[in-house]
Structure formats: structure tokens, C-alpha cells
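Structures are listed in the sections that come next.
Each of the next two complexes has chain A plus one other chain: chain B in the first, chain C in the second.
Then we have the complex of A and B:
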């Protein structure tokens, strides 16, 4: 049940890419943080939700062949480091891409996909993934 | 008058050709292609389902109309392939678009016309003043049993229509439905694939309801086919809607733009709505549209729409047009298709 409640708590950022902006230094954090690691106490009470555009560019990527069982139907899949337009760099899966078209610096945008299924009877977890911008 | 304020669609990128399916099951590809007039069908990726397709369509509709989530007073999702038996897809869509906590929501089910039934209900709620505007979605990732005739057509896609009273791009002048208890197609609870009552599929089901609803509506609003620039029908294959259109007296020019099944297959609850979406992509102010869905079981919902000059102020390219969605495809063979659609079953504890 622990994971279920964690996922539920995180649905704002996983479903809609809601980040947290420090009102003191304007740094954007994604995944969200409660306190700004730069401003510490100065940021308390100033951390505000902000909507990310879901757009960014590929900083680096890898094609994963040794995939966990849950990814068997998507093997090989693409994991990328993506620098979002608002600043944060995150790890995300790139889907529906011709692997030959992948390049560092290419623009991506977010899509809503199934992230994980907890067996045949458990909860289905959804969240952001990325596609190449065309 | 109330009507469509914005619209958005989503079609998965993967495609398979009937020739490839025929190759595996030893059928004659030419006769299949000619029999159903489907040249390719969309295939969802393993990480796509009705919830993800609905969210993409909903986001496209909101982006195109520049509609803030707080303006959405209801979300109804019509489908016959909801990911959960119990837990509404509408809740996932609401959360993913950041809709209000204070909102009407439910999932609808009426074979392939659940999405248009949702459109009718949202319109009624807008007209009655219960909500300012609301969203109706038709989406499916339908399945045909391996080797069954439906495997050539059953595909995936979704369309969202936002219905309201302000900034209406297409007024819904009138809508009506016809309903009867017809055993043309069904799926029992817990069964993975549907069953069709072969001799009921054509005449007593699709044609009787589709043509019946179209005629009744045209009679009620005093129109004839020549009053319409466009007509769009439920499209389980390429043949049925063409025959229904011709039988009603519509010409090729009127129905060709809304006929997408030859390229994407039968998207079930999304089929007529996505055809309407393709028409709204190109329609001009003053154009009149007749739109008729069909759901097995059976029934039809008919809509008489008039495009307003508000469409000229809308940036229709702000979200992907149907033409764009049709142009970007990745072809798959039957093995990949079977893997994606879980027709290949893995061992225990793997998934």
C-alpha cells in the first residue's frame, strides 16, 4: 500500500508535470521539493507550484536492451536525460521514435502514457514520457 | 445556441496492413482489402490504453480552443475498452488535465456510440444551465480475436469534443437517437474478445439504425442531403458508411473527408467523432454537417451541425490535425502487433 499512496501523492507531477519554484531564487525543481537546497530556510513558505511546458531537449540518451520484465513488450526502449525549457534536467523515456532519428540536442515534448502495471489486478500507473517534436 | 467549442483527436502512430494479417492467417489479402476497404489500421503501443488516448485527445482539444481546465464542468468518456472494469477513465482524464474537484464525471458504454451519447448529455447539461461547458470523449483500443474478421479492422484512437455556449465553432442545431435490442455484436463480462451475430451485423443493425436516425433527423430539421457540405457516419469498415451515405443520397464529395477507416481502421467509439474532427479541420463558416454514429446492441445518434464564423478566429493548427496524425506512422508486422496487443502471452511473473 506504501507505493500506492506515494504514487497517488505524486500524481500532480507525474500526470501534469507540475514543478515547484523557489520564490527566493526562482530555481525550478522537478520532481518537486519541499525546501530549496540553495536557499534552505529562506525558501520556506515561498515554494510555489508551477506548470511546466513539458518541452525540452535531449542532453544524452541510451537504448536499453537489458530491460526489466515489465518493459519486455517495449524492448529495446530509450531512456534520455532531458533538459526541460524551465531549467530542470530529468530522466525520461522517449517513445514512438525511430532510434536512428535520436540525436543529442533534439527537441522533445511530453506525452501521457502507462508507466507501470501492478500485475493483472493492481493499479495502473500513468505518467509523463516523451516523443520527438516534429 | 450550444455546440462544439473545441475538438481534439489522437491516433497511435503504429500501423499494420490487412495484407500482413491475411498473410499470417492464410487468407487472400486482395479479397480482404476489397471486402472491407481498409488499407491500414492503427495499433496502440504497449504503454497506451483508453486513458492515455483520452488524455492526449483532451489535451489537444484544450490546446486548440485555449480552454482553461476550470471551464470544464463535466467529463464523460465513452468506450468499450476502459482500462479498468471498476475505476472510471474520466477520473484519470480529469486529473491529467487539471480539472476541478467540483465536476460531473462518468464513463459511458454503448459499443461504438458511447462517445456521441456523451456529446448529447454534455449538450443537454449545457442547455439546461447545469454547466457552462463540458467534455465528451470517445476512445477505444478495440480487440478482434486472432484470425477473426474483426482483427482486420479493430484499431485505436480517440476524440474529445468540448461543448459549450460561448465561442461555439459548430452549433449543434439538433440531435436525436434511435435504439433497439439487436444481437449484432456483444462481449460478455470477463471475455477478452467480442462475438458477432453474423447475420445481424449489416442490414438489421448498422444500416437500419444509421439510416433511420439520419432520415428522422433530416425530417425533423427539414433538410435534404443537398443542404449539407459534409456527412460523416460510424465507420466499422470502409464499405458500410459509403453504402449508407449513398443510400441516403449523399455524394462522394460530401462524405470522403470524414471517412478515415481506410487509413486507420475502426476506432469504435472514436470512429464518427474522429471523422467529424477531420471535417472540422477543414470546414468553413456556414458549412452544414450531418454526423451519425452507430453502436451495436444497437442504436444511432444523429447530429445536425452548422459551422459558425468563430471557426475563423480559432487557430486550428494549435493542435495536431487529422491530416498530421495520419502522416506520421510506424509500420509493424504481425509479430510486433501481436506482442503490442498482448496476443502473445508471457510466462507467469513476467508482467
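Then we have the complex of A and C:
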């Protein structure tokens, strides 16, 4: 499902949760962007890398039963929208959680996990997932 | 002062929607195209331009350039008229009609054909799911296990909590679609569905079950558009396109201003109403892109038929064929079916029949105006058209 470079070039963001901050309006973006959608050309040359805390809260979640091939072995898995403390909302999985404990508004933090595998002999891709905060 | 040409639909045709194992992409497209030409009472030589609509042909059927393929096998290529392929995710159909509309409105063409086709059953279901997920943001949604249904479920979970909406209300969209499709011979599913049956269906992405999700269908639909001058000269009866509008939002759900308001739909609808001079109350029926039951409710709100969070008040009676604002007389995406590139064009086929009083068992009583809404997978693009009957 793709060449190594497609995944390798995103590893800084997916492994370490490095985001981008607009130097003009201070809005933080994740996934990273090269131009601020609010400041447009005013943001050129002012988009700076910034470290996210990896902490946030659940905006919404779902338990996915019908999964694409790369996620078959993880079924059923929890996919969520997480609003990070620094501002951006992102899509990611919540793991190690009793499904009954999931609730909109609950706090989560990021963990480093295997995200997907491309068949038996394909690339294994890693990145962030989330766990409920104690 | 530049004058723009008024645009009319003069013909429409479609294939049956469904799992059409024995039919190929090109056969489906040709069948729909020829039916549209026959319905218009014109000949292929009268067509000046073709717009082909498709979404995943390159990935699923190993066939890109659908415009070229349709042009070849309908014989239009023999006349060397232009053939353009239009891809706008699952809104390709509405987008292709809009391109044809603009071509005639500008004065460049007098007669344009639009053909939409999709064949989703040429691969296994899990492979198709992999490919439909590429319609999302592949790197930041799909990479983490998001599918179109999972994204719809994220929207549903939050919407249902914030507005105190239960699964039964969502199911009423699907029930309405199936009831209407039972009267449509072209529909993928013609069985009647109950609310109890819908809410107890196999879970796809909680809280959404299989009966909240549109099926993967094969099918094709085509329409013929013509300028006012052409319609008058040939003494034809056309359905006038009063307005056409398209708008865009962020591709990924997580980047949007609201996760349960489709701003692309809000803006396209607002612009279409402004151009047509009509209000939501003037609409006799609508075909909306309810690929998931939850989207049907949200679209009723974003198109202006209900306030945010209050679509459930229209269900189930107001949206029935004899209700205040009949929704999806064709059977909608859930039951007429969802062959992506053909879906939006198929809405025009239904409207053409309804506005001409030829929808038989599912005919809405003397409809004046129709609204058609075609949308990219989770709301990134919306195309809205408003039509006026005879």
C-alpha cells in the first residue's frame, strides 16, 4: 500500500507529535501545514515547528467493526476525534480502554504504538494512539 | 452587458442500480446515455460536448478517463466532440452537471450530455472499503483506521449527544428511503424496512449499523442539457435549472469549524437559494446525499429545511411522499443505491421524472420546484441545484 517514503517523511509528526504554529496569529496546526488558513500570505515564512503535549479530550468516538484490510486484526477498534490542549483536533485511535469507560469529554494522553501493517510481509507503520488518563 | 443563457434538462435516463455482476462499466454508461438521448428526442450528432462523471474507476476498475470511455462507446468520439472527465469525490455527479450547465450558460454550447457511472462491485468488500477510505484525508484520517462510515459515526455520536437524538430518529431516514425505493424499479433495494429492523442491524461503526449506511452499488445515469434558444427552436418542454452552486470545506472532518454542520452544504444552499430567488418553503421535494442516515438529518438542517438539531421534528411524516417536504422520492442513497459517480446524476433523472409528472407510483402531487444535493464523502464538497417544473 505505498512506498516507504510516504510514511517516512511524516515520522517526525507521527512519532513525536511535532505540530506547526503560525507566527502571525499563534494558531497551532496539526497535521502540519505550510500556510495558515486564517492568515494566508501573512503567514509565509512564519510557520514554526512546536511540540505538542499529546494531551487532550475526547470530542467524539466510535467503535469500528467494518475495517479496511490493514486493520483487520485490530477489530473492533476505537477511533476518536481528540481536541488537543494546544488547540487542534485530530483523528486517532483510543487503545487499552474498556469500551464502557469511553465518554465524550474524557481526558486522554498519547502513546506510541503500531498503527497498521501492510499484509504479512509489508511495512509496519507506527505512530500515536491515545489512552484514557487516570 | 453580457447575457447568460438559461439552461434546461431535455432528457434523462438511467440503468437499474444494484450489484450488476454481468454488466461492465462501459455497458452501463452506454445504456444510460442512449436512454437519455432517446428521452430527449434528439440524435447523438446533436450533442456538442460530453461530461463524464466517476469517482473510483481508476482504482476499482483499472479505468481512468471515464469521459473518454463514454465518448468512445456511445459513438460520440466518432464526431470528435469534446469529452471531459469530472471527479469531485462522491459529488462527481453534481459537479459534472454543473460543468455542463456552465458550458451552456456561457453560450459556448447549445446541447451537452452528462453521463455518470460507477462499478463498485468489481472488487471484494474490504478492498472497496480501503479505496473508499482514500476519499478521506489518507495521511491523517485513513492512516489511523478511519473509513467513511467511521467518520459518519463520529459525527453521529456527538450530534446525538448534543441534541438528544436517538438511533430511531436516524433510522427513519433509511426507512423513508426504503419505502420510496419500493416504488422505484431502478432502485438497488426495493424491500420495505422497519425502524426496529434498522436499529438492530449489524454494527458497522457504532452507533451506525448496516441500515444506516448506503450500499456499494453499480449503475449509470445520464441527462441532456440544452440552451433556451435550442429548446424554443425545437419546441421542446424542458425542466429549467434555476440555480447551480458548489462550495468547499476542509477535506478532513477534524479541521472543520463544526463536526455536525456541513459548511459546504450551508454555503452552496445559500448561494443556490439566492440565485433562484426561492426559499426552502418554495421547494416541493428534495433529493439529498444521505450516504449515512445521520448525514440525512444534518443536510435537512444545513439546506435550510430545519434548524440545527431539529431535523428529527420532520421525521417521519414531513419527509414522506405526501409530506410537507418529501425527501428522496427516488429511494435516496440508502435504497435507490450509491454508485458514486452516477449518484448525483441519478438525482436529476428522478427530478426530471417527478417534475414531468411521470414518476408513477411515487409521483409527488404537482411539484413546482426541486432541490438536488450532491456531496463529497464526509461533506468536503457540496453541489446544490434548484430546478423548476413545467
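General observations
The criterion applied here is as follows: the second predicted complex is superposed on the first by the 131 of 134 C-alpha atoms of A that agree within 3 Å, B and C clash if a C-alpha of one lies under 4 Å from a C-alpha of the other, contacts with A are read in each partner's own complex, and residues count from 1 in each chain.
FYI, a contact is a pair of C-beta atoms (placed from the backbone, for glycine too) under 8 Å apart; a residue touches a chain by one contact, two chains touch by 3 or more.
Fair warning: this is a prediction, and the values are worked out from it, not measured in the lab.
By the touch criterion defined above, A:73 lies against chain B but remains apart from chain C after alignment on the C-alpha atoms of chain A. When the two complexes are overlaid on their common chain A, residue A:124 makes contact with chain B while staying clear of chain C. Once the two complexes are laid over each other on the shared chain, residue contacts for A:115 go to chain B and to chain C alike. By the touch criterion defined above, A:53 reaches neither chain B nor chain C. Which of chain B and chain C touches more residues of chain A: that partner is C.
Comparing the two complexes, residues 69-70, 72, 74, 115, 129 of chain A contact chain B in one case and chain C in the other. Across the complex, chain A meets chain B through its residues 11, 15-16, 69-70, 72-74, 95-96, 98, 111-115, 117, 119, 124, 126, 129, 134. Those residues of chain B that touch chain A in the complex are listed here as 13-14, 45-49, 51-52, 55-56, 59, 83-84, 92, 95-98, 328, 330, 339-340, 342, 346, 349-351. Remark: chain C residues 126-127, 129-130, 133, 139-147, 149-150, 153-158, 161, 202-208, 252-255, 259 touch chain A in the complex.
Only residues 1, 10, 31, 59-72, 74, 77, 79-81, 88-93, 104, 115-116, 125, 127, 129 of chain A touch chain C when the two sit together in their complex.
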